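Chain IDs A, B and C follow the sequence of writing; residue 1 opens each chain.
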Amino acid sequence: MRPLAAAALLVCLGLLVRPAAAQAPSFDLLLRAAVAHDRVAYSAEQLVATWEGQQPHVALAHVQHDPAVGTRLVYRPLSGGQDRQVVWHTADRTLEYDPHTRRGRAYPAYRLQVSPAQQLAWLARNYSVTSAPSHLLGRQTARLRIVPRQPGRPTATVHVDVHTGLILRSERTSADGAARQFSSFVTFTPRPVGWMRSRKVPADLQLRSEPTPRTATLQHLTSVFGQRPPAVQLPDGFSPVTAFLLEDRGTMVRRAYSDGLTTLVVSWRPQAAASPPAGSRVVYRPGGPVWVRSSGLRQLVYWQYAGWAITLVAELSPDVLLAVADRTGIQPAPSTLDFLLEWLRSRLATDSDA
Amino acid sequence: MEAEAGALASQGAGTEDAQAEFSRLVEAHWRSAYRFAYRLTGNPEEAADLVQEAAEEAFRAFSRFRPGTRFDRWWLRILYNSFVDRTRRQRRQSYVPLDDLSGDMRVTASWADPEAALEQQLDGPVQRALDALPPEFRAVVVLVDLEGLSYEDAARVLRCPPGTVRSRLHRGRLALREWLRGYVDALRRGELG
Amino acid sequence: MRHPQDLLSGYVDGALSAHEAAEVAAHLAECPSCRETVSDLRALRRLLAAVPPPDPDPELLARLLQVDPGTRRHRLNVPRWLAVAAATALLAVVSARVSHLPPASGPVVRELREHARLATHAPLNDLGLASFLSAILQEPVEDNP
């Protein structure tokens, strides 16, 4: 019964979407999608699924959104036997908590330096977008297919509701097709703006408050750490969306970049204070070792250079990130002989695979 | 939409008739489910989530429901079980032991007219007092004293003997009597005079 | 008879057998403290019966049934309990082959979480998915902020 039900669900989700002939892309629609959340109020049930470490995580979220108040999401995980979580986004901060234990976290909202329109301009440069009309949940939508112009980037498909501009479904697949993120509204009800005004954040929560990161100039960072964080040679098309952020009680630096669709986050820590992430595999590059850890669509790489430990998290293939490490500079491993032996071994293994 | 419901139905998610019947029963009894959930959880958001979850559980188990029997009692039992599962995972103990009838919880009625007090501001103090009861005692008091169920019906919802209902009810009431002492006294004075 | 304890509640509720009720009545005739208790219980019962019922948000019914209350019933959406049943079935198929990576360490979780939070602001990013990634990643046992 179960496999049939699963197939039926896929058929139904497919039945809900009826494609038509392709049309010229509309960046107007993309811009509407980018700002729809500031204009439209709604409540919805949303299915979210991601593959993290080859294990699927699926949840059903009850979403309540009001531009005048914020967004409240209640997640009911369907995989892994986890407890429910509530996430509350308001203008100045976000809460995440377990509604039964009343415990969780609060962190301040990031302020991006870059407008959605600017990021969409980057997207147009880095991706090609085609659009076709379709239907979803009984509503008229446009299905936008976003394909990268360069290797190692993900491909995305979004269904934008023509009437409200909201994204009703989105899907993102890694370059090698192995990793996938998926989210879709299963039910959708528009609401009047202000409908959540009487909604209050519960008063009895025990939240650990995360401090606001401080922005810092390169000069300030150099004086704090005694050395300048090395410039990381990013892939084509990425531009910063935040300033340098001094975080974790001033012990690390972080900065976010975007190519219009995906986000890349770099963090720098003084080498003495950092160690390679557990559960990662080490890859020996000509310059030295790089540690790689996959998490679904996202890859994390870590390496050391010029007295710093650098971590990159991005929705890019490991090859692209390893190339970033190569271009930036990698510190050789301590024991040159061990490194040479490992490197030879890995080269031989690669050759025999080819 | 019909195609979708039909496709799901034919694959064992329930016949169309079963779905329609389930919807009808949910619509008929959702208010009593909400009231019970509200008194158990003490806040509207959690109560709504609990009712939603109980609807999902009930649908999964709907083939075991015998048509013609009381759906509301059956659904309340599922709701109570969901609630118990949640509170088992609760790491923070928030109840006052029933034997500790200290003064913290006492709520005094300071107005002259207990009837007005009854109508206007009773919900808050009573709910706070209920919140302090351990869940199994709270459930009994809610079902019998707020929802008006008989001992037998409450016993069916809570899956325990009617004798247990009576003893839990009694102990729960004694605790509430202390915490709501001001109101109880005001009422008795009204009765007597 | 010793103090009847919870039989007093049964007495107040009229839920005792004739025999039990007679015994309790006999005891009450001679026991002022139990008479006090009975009066208290009656007052409490009246108090609780007078509590106004909580008013549910009509949106809840709409959520339960996926209809607009008060209008002709027509299903534009799949009711949530149906979606959950189907999604759970789908998950059973999808997770047939699960390979386990070693659990993520604290620093890895924090990096991934920060990425999810920052990615929320990408123009086409899905808030539901981004918040899911940020909030449900396994929390390490020693979570030093």
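Convention: a contact is a pair of C-beta atoms (placed from the backbone, for glycine too) under 8 Å apart; a residue touches a chain by one contact, two chains touch by 3 or more.
Remember, predicted model here, so these are calculated numbers, not experimental data.
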- Query: Just by CA atoms, which chain is the most central one?
  - Reply: C
- Of B-C and A-B, pair with higher C-beta contact tally: B-C
- Note on the structure: Whole-angstrom distance, CA centroid of chain A to CA centroid of chain C, is 32
- Note on the structure: Per the C-alpha means, the centres of chain A and chain B lie apart by a whole-Å value of 41
- Query: What whole-number Å value describes the gap between the mean CA coordinates of chain B and chain C?
  - Reply: 9
- Multi-chain contact sites of chain A, meaning residues that touch two or more partners: 1, 5, 8-9, 12, 62, 76, 138
- Note on the structure: Touching at least 2 other chains, the residues of chain B are 1, 4, 8, 13, 52
- Message: Which positions in chain C are in touch with at least two other chains?
- Response: 63, 76, 78-80, 84-86, 89
- What residues of chain B sit close enough to touch chain C in their complex? 1, 4-5, 8, 13-14, 19, 22-23, 26-27, 30-31, 34-35, 38-39, 44, 47-48, 51-52, 55-56, 58-60, 118-119, 122-123, 126, 141, 144-146, 148, 150-151, 166-167, 169-171, 173-174, 176-177, 180, 183-184, 187-188, 191
- chain A-touching residues of chain C, taken from the complex the two chains share: 59, 62-63, 66, 76-80, 83-95, 98-105, 107-108, 111-112, 114-115, 117-129, 131-137, 145
- Query: In the complex of these two chains, what residues of chain B are touching chain A?
  - Reply: 1, 3-4, 7-8, 10-13, 43, 45-46, 49, 52-53, 86-87, 89-92
- Give every residue of chain A touching chain C within the complex, in rising order. 1-3, 5-6, 8-10, 12, 30, 33-34, 37, 43, 45-48, 50, 52-63, 71, 73, 75-79, 82, 85, 87, 89, 94, 96, 107, 110, 112, 116, 119-120, 123, 137-138, 146, 156, 158, 167, 170, 181, 183, 186-189, 208, 210, 241-242, 248, 254, 256, 258, 260-263, 265, 267, 277-280, 293-295, 298, 300, 311, 313-314
- Note on the structure: Per the touch rule, the chain C residues reaching chain B in their complex are 5-10, 13, 15, 37, 39-41, 43-54, 56-57, 60-61, 63-65, 75-76, 78-82, 84-86, 89
